[in-house]
Amino acid sequence: MNKLKLKEMLKGFFMEDIGERDITVQSIFTGEERGQFTFLAKENGAFCGEEVIKTGFSLLDETVEIKMHVKDGQLVASGDVIAVVHGNISALLMGERVILNLVQRMSGITTKAHKAVEILKGTKTKACDTRKTTPGIRMLEKYAVACGGVCNHRYGLYDGVMIKDNHIDFIGSVSEAVKLVKAQVGHMVKIEVETSTAEQVKEAVKAGVDIIMFDNCTPEKVKELKKLVPSSIVTEASGGLTLENLHTYRGTGVDYISLGCLTHSVQALDISAKVMIYGGER
Amino acid sequence: MNKLKLKEMLKGFFMEDIGERDITVQSIFTGEERGQFTFLAKENGAFCGEEVIKTGFSLLDETVEIKMHVKDGQLVASGDVIAVVHGNISALLMGERVILNLVQRMSGITTKAHKAVEILKGTKTKACDTRKTTPGIRMLEKYAVACGGVCNHRYGLYDGVMIKDNHIDFIGSVSEAVKLVKAQVGHMVKIEVETSTAEQVKEAVKAGVDIIMFDNCTPEKVKELKKLVPSSIVTEASGGLTLENLHTYRGTGVDYISLGCLTHSVQALDISAKVMIYGGER
Amino acid sequence: MNKLKLKEMLKGFFMEDIGERDITVQSIFTGEERGQFTFLAKENGAFCGEEVIKTGFSLLDETVEIKMHVKDGQLVASGDVIAVVHGNISALLMGERVILNLVQRMSGITTKAHKAVEILKGTKTKACDTRKTTPGIRMLEKYAVACGGVCNHRYGLYDGVMIKDNHIDFIGSVSEAVKLVKAQVGHMVKIEVETSTAEQVKEAVKAGVDIIMFDNCTPEKVKELKKLVPSSIVTEASGGLTLENLHTYRGTGVDYISLGCLTHSVQALDISAKVMIYGGER
Amino acid sequence: MNKLKLKEMLKGFFMEDIGERDITVQSIFTGEERGQFTFLAKENGAFCGEEVIKTGFSLLDETVEIKMHVKDGQLVASGDVIAVVHGNISALLMGERVILNLVQRMSGITTKAHKAVEILKGTKTKACDTRKTTPGIRMLEKYAVACGGVCNHRYGLYDGVMIKDNHIDFIGSVSEAVKLVKAQVGHMVKIEVETSTAEQVKEAVKAGVDIIMFDNCTPEKVKELKKLVPSSIVTEASGGLTLENLHTYRGTGVDYISLGCLTHSVQALDISAKVMIYGGER
Amino acid sequence: MNKLKLKEMLKGFFMEDIGERDITVQSIFTGEERGQFTFLAKENGAFCGEEVIKTGFSLLDETVEIKMHVKDGQLVASGDVIAVVHGNISALLMGERVILNLVQRMSGITTKAHKAVEILKGTKTKACDTRKTTPGIRMLEKYAVACGGVCNHRYGLYDGVMIKDNHIDFIGSVSEAVKLVKAQVGHMVKIEVETSTAEQVKEAVKAGVDIIMFDNCTPEKVKELKKLVPSSIVTEASGGLTLENLHTYRGTGVDYISLGCLTHSVQALDISAKVMIYGGER
Amino acid sequence: MNKLKLKEMLKGFFMEDIGERDITVQSIFTGEERGQFTFLAKENGAFCGEEVIKTGFSLLDETVEIKMHVKDGQLVASGDVIAVVHGNISALLMGERVILNLVQRMSGITTKAHKAVEILKGTKTKACDTRKTTPGIRMLEKYAVACGGVCNHRYGLYDGVMIKDNHIDFIGSVSEAVKLVKAQVGHMVKIEVETSTAEQVKEAVKAGVDIIMFDNCTPEKVKELKKLVPSSIVTEASGGLTLENLHTYRGTGVDYISLGCLTHSVQALDISAKVMIYGGER
């Protein structure tokens, strides 16, 4: 993760929630009181968000002290303490919701990724993510995916080639498309091509791509198409896969299975912050 | 929605996905080809995202022509055409994923909000949202909630007072907290207080707040506490409510029920873009 | 005040004044010299700007030490020491003008607000501000208003409803307009309506708005219209009010009087910085 | 004026006022209605703000049509039409306050500048401005000053040298300070030095500065010091000058008189917008 | 190239040069005059910068009309017309320097890249660029490199792995380093390793990297090391290569030669703008 | 240099290179290791970039300790230690390339500037720079020029008037152009006019400009034209001057010679970073 970028993102998120001021906190507190936040897991899952907690609260309060009890990617049970934060109570209260919103989402993603890994355990197939992330927080969502043990597919349109069906239709053939791409991109960029028929797979093999994706294929079809691909080329199954049907692909031998559901539909992990304000009269 | 703000947000989101360039598109196309995108619902639900489609594609292609077949908040069935977009095909392909990522999330939220409305139909209780939104896109998520017929609670810490249990603990009593707040905020700001006991409710009534929230109470308790509140004060039930247990609160008579689940855990509505590239050899 | 936002604002303001460099300071000083600034009131008034001084100088010099002698909102007499600042003299000199420009304006506003409070003393009528603030520094101007004991009206178009005469003309009636608004906004938003006749006031009362504003009315008319409003609805007089004519509204019994003059026409409070550079030859 | 910069500034100002949405306008209007704004002078003065009106409304509504009846710097009488604007009524209403806030301030400054010019008419002395502007809108305020016929002094710390008393105290003498500066700055930068005694003036003349400023001097003293300066060096009087005492300097023969009051204390010119919404039922 | 990003970059560059205003142009012209710019090559080379000219002038003048006579990457001879631009003359003059500064640099890079291609003509070795670009304009510099026929190496630290000598020293061996990396990155990322001895090359081959770089090796050594690498792994020579010594590597058989000099030391191509202002008295 | 601005610039430059993460470093290191960078000159020249090293690394690692061995503008020989930096090794490695890219360019410029100074030594003619800088880093390039002993010409279009041939053609005469400008700009702005004939020079002298530039003139012509200018007006030769032909202007007596080549064509000074990672097993 790029911490400098995280810092700028968090500034924006705090602006969104705090706006010109926190009316409630600024009416109730003098701004001098100190206190403690205890982040607790309220259900079982896998945690993710250490850097969000650290960078987030530090932005609002330079004096904050944070003790993490859990590391990114680690499993937590309901009731587990995740982190204890001491600092200026006004600052902590102003940051609470934004930080929880991020950490709950990230932990929800890590938890889901972890489940996908469990489902594929014992096979040589790995899960990977997609670009179906929430705009604005892709860095955090891709990081959360990786913390769950799932691989990151390309980050954006800029760091990998993906030749899709409509590109192929337009150009006329897989081999023509690959040729055009190879003439443009350097040796540091991988080329993946979307296929759905045996002909396309054979053509892709011949064209010398790095990854062949089987788009929207049943486990049987994946198994069959996979046989056409030499081991030097990576294979990937994609399209409509969820934690519910993932196990049916266990026997396909495909190298990667990409799961849009990891990020396009997130079930936030329930995490709460128990607040304690240190003595002191107002 | 503030369209000027939407435009700036979309610029940032396109930067995140496109980075320095779209390697694939810029290898395959000359940049001159034109084509058509047809956005289709792939499952039943409620659509939201007209302005995202319009502003988004216009940012990438000033010549784009967009015909909406569905309005924000309208129900769609699997197979329904949502919008048809004509324009520069390179621009459309570069924008596709970001726009779908937003529109699917927004439609997912509107769909969920619509279900909440259905569940409460026939009662005088209304659903409302919370600040449990995805950082960076609260404006879009709150808009999607409203398109589903659910009310917006406050937008941030800046446009409404919410006195919580730990504020009250710190100050000593509901009435003390309300007094402090009233001394600070003007006449344009509403004051809500979180309560969980009959004593607190009575104190809040006496203190003259605008809204009394019953925090984490069973339907029975809500019903009981509600009786302590005169009709001039709005009531709200909050905490742990989901589409699954919402119906159990139908008989409570409470004015509002806030649902964090509308935005903290989103099931994206499946929408896809069918691409057609107009003739033309490369 | 949102200090994170203040920091970003101040960065922009320093950029505006310093540009690529301070030619004079960088020619005269080596960048190592230290010194002291003493901020002094040069006329009587009420001070405002502690956070601007602190955050501003800290941005330019991390080693700065600041001792405030006066708190925000406190009255000062000509000659009073407001703050003493020790630090890198080049940094202090580069920040001086921007900080004075803000603090003098803010103190000018607080002073004016304080005078309004004095004029209304002994009545139950309070003064409030408007959206007639200087673009870009509303947060600071509204804060300065509040430090002078005057209430903040809504912060922007986003945190309160104000139904104006041309809205009403367009829709046809006060009650129609209120109905439309109530169908859209949630329970956390207050609704104010602008009226100028007894009919409109009666209609507004019936429509159940939160605040009724008497627009451009004489004290006599305000008094008369006020009688039509039950005590549960807040009243506000607005339009053309200044510190000169404010006293004529003392007997109207209206709850709030909004004063655009507090921020649209500011008389900066005269504050100067006495500079002392610690020994050291160049 | 840099129009590209103005556009970015206006975006920020609209964000400040509109936030996530204009609750009122979005409840009352469908977003399709069109209408007309007539900007009217409500008091006598000099107008400034054509580009703010044009760029501002264009940002909110690309279809807007604007007809200016008055040019920047032109005198207006109460009741004069300044501009007529046709466009989307929701957009116009959302922009109204921000644009008025700027145009009223700018016109207030131009009006004040115009008065200063009147006071000095018939002498060879010209008025000029200072860096005592409102942070964030210096470009607009300096532009408004110039529209009133008053010269702009330096824009910031970056485009001119001003050697002040505490610089001189630190270095030891005017000539030493000037020597240091001349060794650093190129031939495109003017050098001004602050003086208050005959000795300093003589030293400054000898050091070969471009402008000599007489700081906080009475008209008599200015007259006297001015005699020590050859005509090839520009002279400037500064410090505590207002529209009230400016006439007392008419006979001093000084080249420029700088007036901080032009921008540090602004009396907004009263300008209002008469709204007309074109027919059409909702 | 990402045109949306280019637009934001150009805005920043114009701000840097124009600041608050163009004093000269705004004194000389009324702002209404129109005219023509003819961009001419003043020396032989390869042109690059079409999109900078188009997007740049459009930002300053929406009415501008641009006719390109040369395409990106095309060779030009001294005297050739590159582009003819018609528009508002004040806007064109304000944009001239920034646009020339970019286009001259980009064309200088394309020219140099083109020379590298010429030197390697007839071999199967290709040239590629590095990350030694000017901060802030990498997108433009990498684009210019590609227009000259040279391949782009990775764009940043984010889109490709490069294991360097100090990474290897720290971890202990090439194979350990590659193992660590493979455990983290997905299938869309290429892995390159820096080597300088036969042992390291053999280890890298065994570890299964995508690209092996021979760091700071003589042509002879490159030739020798290259023999140890199977054809399925790409090879690259790097370090201290310039247009002067590049030909000595023609016979090495290496796949890529990376040239930092393409971007770290740029000789701007001389391009000038001939201005014609259309008639019209002022 | 404006350090606040430098900080913001560096943030942007790190974003450009690091993007979402440094894949390599984050795979190899735990993020806890510490180490040392030694910056070494690899060729003779003049160093520039102290503040870039300090501010740059501090942004990435708050704990960094930096010891400079060389000051800005100081000559270095191949092998000289420039700076030693201790800190978090991941942070140092992530920042290395961006910082080297800047420091090498800046030092290249300072070295070139220093050579220009050497060439003009013994005459009263000084070298100065131009606006032919790399967009986005003008502040750094102009600073590097000054560190080499060369004067800065104007920074942008905003801080000095330059009347060019096409302005004069449009207006009709030098004197008309100067008159128009003088009517607009204040006393803090210098006015330079471009001339190429004796008539223009005489007219410029009469018009009372501050600087007269001889555009694209041979040394002989410069010498001749210079004679027409009184010593109170500064003279400048400009156009096509390089380090190669600069000595031919030594005898012209002109005050300044502007050199676009100092910044439009930079030969980076070779500087490298030797990395040492402190013990510690992974």
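Labels A, B, C, D, E and F are assigned to the chains in the order they are written; within every chain, residues are numbered from 1.
By definition in this document, a residue touches a chain if its C-beta (ideal position, glycine included) is under 8 Å from a C-beta of that chain, and two chains touch if they have at least 3 such contacts.
Every value quoted in this text rests on a predicted model; they were computed, and no experiment measured them.
Peer 1: Listed by label, which chains are in contact with subunit C and with subunit E?
Peer 2: A, B, D, F
Peer 1: Mind checking subunit C against subunit F and telling me if their interface is mostly the same residue numbers on each side, over half, or mostly different?
Peer 2: different
Peer 1: Which chain has its C-alpha centre farthest away from the C-alpha centre of subunit F?
Peer 2: Using the mean of the C-alpha atoms as each chain's centre, the farthest one from subunit F is B.
Peer 1: Just give me the whole-number Å value for how far the CA centre of subunit B lies from that of subunit D.
Peer 2: Roughly 43 Å separates the two chain centres.
Peer 1: So the centre of each chain is just the mean of its C-alpha atoms; given that, what is the distance between subunit A and subunit D in Å?
Peer 2: For subunit A versus subunit D, the centre distance works out to 51 Å.
Peer 1: What are the residue numbers in subunit F that touch two or more other chains?
Peer 2: 18-22, 26, 138, 155, 158-160, 184-185, 189
Peer 1: According to the definition of touch, which chains form touching pairs?
Peer 2: Applying the touch criterion to every chain pair yields A-B, A-C, A-E, A-F, B-C, B-D, B-E, C-D, C-F, D-E, D-F, E-F.
Peer 1: Which residues of subunit F touch subunit D in the complex?
Peer 2: For subunit F paired with subunit D, touching residues are 128, 146, 151-155, 158-160, 184-190, 192, 210-211, 232, 234, 236, 255-256.
Peer 1: Can you tell me which positions in subunit F touch subunit A when the two form their complex?
Peer 2: Residue list for subunit F touching subunit A: 11, 14-15, 18-22, 26, 59-60.
Peer 1: Would you mind writing out the residues of subunit C in touch with subunit A in their complex?
Peer 2: That would be residues 1-2, 4-5, 8, 138-139, 142-143, 155 of subunit C.
Peer 1: Touching residues of subunit C toward subunit D in the complex: what are they?
Peer 2: For subunit C paired with subunit D, touching residues are 9, 12-13, 16-29, 33, 89, 93-94, 97-98, 100-102, 104-105, 108, 131-138, 155-164, 166-167, 169-171, 177, 180-181, 183-185, 189, 264-268, 275, 277, 282.
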